[in-house]
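The same chain A turns up in both complexes below, where it pairs with chain B and then with chain C.
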Partner chain A sequence: MADLVKFTINGQELEAPAGMLVIEAAKQNGIEIPSFCYYEGYSLQAACRMCLVEVEKMPKMQVACTLPVSAGMVIRTETDQVKLARKSTLEFLLTNHPLDCPVCDKGGECELQDMVFRYGAGESRYTETKIHVNEQQWSPVVFYDAPRCILCFRCVRACDEGMGVSALGVINRGAQSLISPNMGDHLECDECGQCIDICPVGALTSGAYRYQTRPWEMEHVGTICTHCSDGCKTTLGVRNDEIVRGNNRDRSGVNGEFLCIKGRYAFDFSESAERLQSPMIRVNGKLEEVSWSKALETIGKKFAEVKAKGGKFGVIGSNHTTNEENYYLQKFARQGLGTNNIDHQRTGDVVTLVDALSGTTGRLAKTEDFYERKAVLVIGADLSAEHPFLAFQTRANYRHHEAHVYAVTAEAVREDNMATRSVRVAKGEELAGVEGLRDALAAETELVVVFDDSIKGDKVRSLVAFGESLGIPVSYCALVDYSNSRGAIDMGLVAELNPGFHATGTAGASVDEMLAANDLAALWVVGSNPLQNAKLAASRAFVVVQDLFLTETAQRADVVLPTASAYEKNGTVTNGCGEVQRLKRASATMGAKTDLEIIGLIAKEMGLAPLMGPWLPETVYAEIRKTVKGYDIPLPLVTIGAQQTAPVNGRVGVDSRPDLIRSSHDKLFTSGTLGRYSTVLNSVIEGRQSR
Partner chain B sequence: MRYNPPSPLETPVLSRRFRLPNSQSIDTYLANDGYKAFEKATGMTQDEIIGEVKTSILRGRGGAGFPTGMKWSFVPRTSPKPKYIVVNADESEPGTCKDRLLIEFDPHQLIEGVLIAALAVGAQQGYIYIRGEFRYLIGVMDKAIDEAYAKGYLGDNIQGKGIKFHLATHSGAGAYECGEESALLESLEGKRGNPRIRPPFPAVAGCYQSPTILNNVETFCAVPSIILNGGLWFAGLGTPKNGGTRMFCLSGHVNKPGVYELPMGFNLMRMINEVGGGIRGGKKLKAVVPGGSSCPILKADECDLAMDYDTVAAAKSMLGSGGVVVLDEDTCMVKFALRIMRFYAHESCGWCIPCREGTTWLKKLLTRFHEGQGQRSDIVMIGDLSRNMLGRTFCPLGDAAAMPTIAIVEKFREEFEAHLDGKPCPHEKGSRLAA
Partner chain C sequence: MTFSPELEARFEKFLAKYPADRKRSAVIPMLVYAQDETEAITQELIEEVAKRCGVTPLQVDEVVGFYSMLHKKPQGKYHVQVCTNISCLLVGGEELWNQACHKLGIGHKQTSADGRVSLEEVECMGACSWAPAVQVNYDFYHFVTPGQLDKLLDGLAAGKKPEEIADVKKVSC
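Entry: the complex of A and B
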């Protein structure tokens, strides 16, 4: 931290670190200096001229966004000269602005409106003709209305510096200047929509949201994106129980305002017309809609029958369901049904990593490590495509802190563009590539290592041993799929592990083993689609499926129960870095119930309600706090923001099962079953190309 | 291009070889003191070279008039980064046409000036950024550079002295803005020609963020004579704070327009009447733009002054780039203001709001005004809008548009009033849409 210097703004004596920009120093002290183009974290522009202030001993007004504060500086932000400058700049801005606020999506949350309201003139002196340019559609999700554009270049910087995509630029000059997409008439990019979000006016608008609502008609519900394991907070704009928008303008959550295409738009699967809305039972070989009570009764009877006969159960959990649901499910399976045959599709070797770190100086990485550690090593993963937020953090770290980035991958990745060194290896040879970086990495002062499912089993142990041998602090992140893979492991949706990484002693059957077992009597699948690419050996098994859609697995089911999506329930999820966050219900689908409620209702049918306790997320969470190591975090804290969980620090004591670990490697435009039902993911050109 | 006939009042220093046969060739140059200044400079220390330039009171000929020796001394010579010499040959200021002649008729003088600058700061690479419209000059310059390489005045081991310096031309793409030094550097680096935030200045972080000497063509061209004849000699040619001669580009309503090399401080009225042969058709003088279109205009009764930076500044204008535009009594000052504003609206890069929107608004307003659709409140507004640009834009382009407009509307208000109420332009019967 630089030394504090004393200076004055409007006669007030203030302090700020030397070299801090005047606009920031003012903000820190509660004084607003208006600006359009200045944007924290991105490069300086000094283009909008809204932040002109008077500084004593300087002949002209100065732009506060590029002027570093120094000792004894005397700044005035509210003089007549400054006020006139703001007023005239806004007058200039409005000359070619269409003033179509009544039909503009941004109306009501527009920075230009607010600026004119506070600093502008009440009437216009402009009587000349305005320059008109027709609106352009750059992609299914990005529209550009040039006359509204104030040319603050935020979008250009967000795309270039923030995303590393550089899909936006400026063409023409003077008043004819326009923002232009990389393909001339359309965009080919990540379709993340950050350009839309960061636009202070209604120049860039969202194809998914435009003309849907007035901003003030929405409720804003902060919840966690369900798609990848980065755990981005998305604030959903909800009107009449329908989600119409996703963004995170309040910068809460681990992700600040970052969202990728999935976080911003792909909530739309939840509104799909193909959502299941009624339970179904197989009658004469066909699934027929029945009442909830009939469906639950059928399941209860059958489960009780299988249990009574000592038949073999198989329970498959989800990578999307909440911690509470996962905990409740495994409790039901182990204590209610009396089976350890419970698992989920494993996507990353967190278990071996936790075990291997035991007794070493290494630790599990936090999300903030990607922004703060001085070096980042990416192994195997195409981080920008599979974990866009971790990639965004790494880029910001490189930009702001000149972090050293290393990439060891089979294919070229975007991280190469900023990498100190990039190593191309054949798939499976990643560790050899890492070994080749030994000298460079040993010269770093600290490191965060992130790896995908190419590193599993003993390779994780070798990697941790390698990290240990560097003699620097190293933290590790084993990448997993979807919003709650980590929570599935922590909550014991693992055949050989109880919640909190406690070995079960006798391991149950894994997903693969359940599907292959000829003698399986009942299979209960919650929010997963194991039969998409596999066969169920037990042709006579009684199959219950809880899902949003009639998946391949649901089509094989004897009873199908419609469930609520992640955006339709409360609870907690744990991201890939082990940070637990809260889901908040934003909307509802008629007929669907949350998995938690469904599990509770089945338990009730079987007379197990006293064992299971109420199916309230808060009650189940209270039990998790008591029984799952690392999760003793009061719910109000989780409500405020992501909280790091601390799993067992010690040997896990189970055999590593690398054979079970398979990531789906969903990239930006796919997301398992959910992605198949997202209109936006299926509409963008890049999504079609990547299939 | 043909060069205008000389005037006996000229003091040819930079232009002394212009009329020699084959003046562009290195042989002519070598036969007429060519590269002797460089030879001399190789025997001088860096401080001595910069000191000599300081003594000469050479001030930047691009327009701002910043002392050249001082600018060179800002270059951190001990910096581990490479140093660059960049020549601003993006001569685009309306009324200015001297740099093109300096390149066309004596390109080696420029190369030698650049070489000496390179010695002064230890640069090994230089670029000549030539205005896009001056495509024909690129051939001239490239030929001269080839000759210099062939004769060992450029290369890895210049004249066997172990000096390394390379020089290349780079074409602009037709933007006035790229005459602004930081926008020029952006363009030179292959980016959109937007100006940069300053500080840092080019001397510290210029080309490729490295220490850079960036001067106008005429400035570099003065350097060989300064080294050869001494700074004191050059300083003595001008007035106390304005060393040397100046290439004045006399244009407009004079009988003998042309580029004349006159000592600094030469009287403007003498320039018009004696060098320029008086006003065309025996008309009366109305006004003069003293240094390119961005300078506030001088009324006829303000023109009896010495043409040096300080005297013109005292008259609330600027010596600027040496473009002296003479206007006779028949000139419509509204149309003249419009013509200037059209240029700046066309050339505004669009980076900052006041310049981008202000110039376009003023262009439209002045067009309407000149067509007779003006209102009395517009006259106030022209000045008002100009002042709202002045001093608030990102780079001086906004000021360049505002300053002459403010001066015109203040000094010739009666001409604006004469256009009110739908009255025809008094100076332009029947051609009111021509502006």
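Entry: the complex of A and C
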């Protein structure tokens, strides 16, 4: 850190590192200097002139957003001259700004509105004709209303620097300047919507949210995005039990303000008209709606019958359900039904990684490591498309800390643009590519290694051995696909592992083995769609499916139970970096119940309620804290921020079955089964093209 | 897109001149010289320059829209630029501008019907010491009087080259 220098603002003696911008130094000390174009983390623009301050011995006022503090500097931010400058700047910004606040989406949370309220310029001397440009729609999610634009260029920088997409630009000059999309009349980009959120006024508006509601009419519920495994916090705006928007302007969560299209818009699957709202039972070959009590009774009876006869059970868990539900489900399967045949669709080899790192601590990468460590090695994955937030972190690390980025992938990836070295390898040859980087990597001071399912089984051990041989601190992240894929492993939705990576001794059947077993008597699928691309061999098996939609698997079911989505339940989930975060219920769908409640009710039907305990998320979490290694984290800590778990410190001692590990490599516009029911993901042009 | 060998050589020089990660610095000079050859900046040219400089076409388009000497529409054979900024204005720049408009019957950023002469009212071109100044393509005319402007415009309209016009001396730069 640079040396501290002394300076004064408004007579207050202050200290800050030399070279820090005046606007930041002031903010650190609780002094607000208003600005539009200055945005923490992006390049400096000095376009809006809102942050003018007086500096002693400088004849003219200075822009605080580009002026570094230096020793002995005397700054004044509240003099008459500064106040007049702010007022004049606002009057100037308003010359062409329409006063349509009553119908503007930004009304109530508009920075320009706030500033005018605070600093004046209630009257305008501008009597000439305003320049009008008609509103444009650039994509299903982005609209642009040029006259409202105050030309702060935040959107351009967020897209260029933050996302690495560069889809927005400024054309023309002076008062005629316009923000322009890359394809002339429309956008082809990540459709992340960052530009909309970062817009201080209502120039860029969201297709999902526009003209829907007012910010103060919504309840703002901070929960965790249920799509990929990055674990971004999305703050859902809920009105009348309906989710109308997603963003994270309060920068809570691991992701700060970042969200991709899924976190910002793809909550809409939860509001889909195709949601199941009533239990169904197969009668004469057709699924018919029945009451919950009838459905639960049927399942209870049948399960008890199969158990009594010693029939073979199969239980398939989900990549999206909460830790509590996963724990509860495996407990029911193992202790209630007496079977180890419980598994989920495995998407990354966390098990071997944890095993290979046994005896070490703090070697599993945290989300923040992608921003803070000096070097990042990406193996296999198209990070920007599959794990947009980790890619965003890495890009910010490159931008702010000049981190070295290495990419070893089969195809060209966006990380190439900032990579110190990019290596193209044939699929399966990733390790050879990594070996080729040995000298470069050994010269780094520290490294984060992130890999997808191209590295599994013994390859993970080889990779860890390689990392350890570099002689520098290395931390690792095994990418998994979905919001709680990691939690599914930790909670023991694995045929050969109990919760906390404890070997079961006798391994149960995996998903593939369950589907292939002719003698399967009952199959219980919770929030998964294994029959999408596979067949169930046991034609007479009794199939129970809990899901949001009538998926391929649900269509084969004997009993279908409608469940609540992740946005409709409380609980905890664990992201790909092993950080536990808390889900908060935002809305509700009539007729659906949470998986936790359903599992509890089935247990009750079978007389197993005393064994299972109450189906309250907090109670189950308390049990997880006691019994699952690494999860002894108080709930309040999980509520306020992500907490990384330390799952094991010793050998796991099972075969991780690399043959079963298959990532679906969902990109920005697909999200497994959920993505199929998201109107937004299916409407954007890039989504259609990538399919 | 292909260019003349001379222009290609120029491009190579520009690209070699800047550090490898600052290739975008070559965007402006490349556009300036390319538009002389292609008469105007076309979408095809924008995409070509973007490709060569490693930026997006939109980023080149931003530059084209910003700088007044980059043109998306073909100019006349002789592009007459009259400065009306403060120094020239004080010594008759605006009168020169009105005179030119009147004489040619065209206005700002317009081209004569035969395509020989186009007119543009420009901001300061750094010739304040020799105001009022007029620029024709890349050549400057200093201390321009109404009489000289008349001769210049008459000559150009009549098909003469600037150097063939008597009593009007250009200053090459």
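Just so it is clear, the second predicted complex is superposed on the first by the 687 of 691 C-alpha atoms of A that agree within 3 Å, B and C clash if a C-alpha of one lies under 4 Å from a C-alpha of the other, contacts with A are read in each partner's own complex, and residues count from 1 in each chain.
Quick note on the criterion: a contact is a pair of C-beta atoms (placed from the backbone, for glycine too) under 8 Å apart; a residue touches a chain by one contact, two chains touch by 3 or more.
The structure displayed is predicted, hence computed values, not measured ones.
Q: In the superposition on chain A, see if there is space for chain B and chain C together, and answer fit or clash.
A: Once chain A is superposed (C-alpha atoms), there is a clash between chain B and chain C.
Q: Figure out whether A:Asn182 sits in contact with chain B (first) or chain C (second), or with both, or with neither.
A: It touches chain C, and chain B stays clear.
Q: Between chain C and chain B, which one touches more residues of chain A when both complexes sit on the common chain A?
A: More residues of chain A are touched by B.
Q: Can A:Ala71 be said to touch chain B (first), chain C (second), both, or neither?
A: In the superposition, A:Ala71 touches no partner, neither chain B nor chain C.
Q: A:Phe92 contacts which: chain B (first), chain C (second), both, neither?
A: A:Phe92: touches chain B, not chain C.
Q: Name the contact category of A:Ala167: first (chain B only), second (chain C only), both, or neither.
A: Second partner only.
Q: Touching A:Ala47 in the superposition: chain B (first), chain C (second), both, neither?
A: Only chain B; A:Ala47 stays clear of chain C.
Q: With the two structures laid over each other on chain A, which partner does A:Met61 touch: chain B (first), chain C (second), both, or neither?
A: In the superposed model, A:Met61 contacts chain B only, not chain C.
Q: Identify the partner contact of A:Tyr126: answer first if only chain B is touched, second if only chain C is, both if each is, neither if none is.
A: Touch status of A:Tyr126: first partner only.
Q: Where on chain A do chain B and chain C both make contact?
A: In the superposed arrangement, which is not itself an observed complex, chain A uses residues 169-170, 172-173 for both chain B and chain C.
Q: In the complex of these two chains, what residues of chain A are touching chain C?
A: Touch list, chain A to chain C: 166-173, 180-182.
Q: What does chain C use to touch chain A in their complex?
A: Per the stated touch rule, the residues are 55-59, 61-62, 65-66.
Q: What residues of chain B sit close enough to touch chain A in their complex?
A: Chain B residues touching chain A: 175, 177, 192, 197, 345-354, 356-361, 364-365, 368, 381, 385, 388, 391-394.
Q: Considering the complex alone, what residue numbers of chain A touch chain B?
A: 44-50, 52, 60-61, 66, 84-85, 88-89, 91-93, 95-96, 125-126, 128-129, 131, 150-151, 169-170, 172-177
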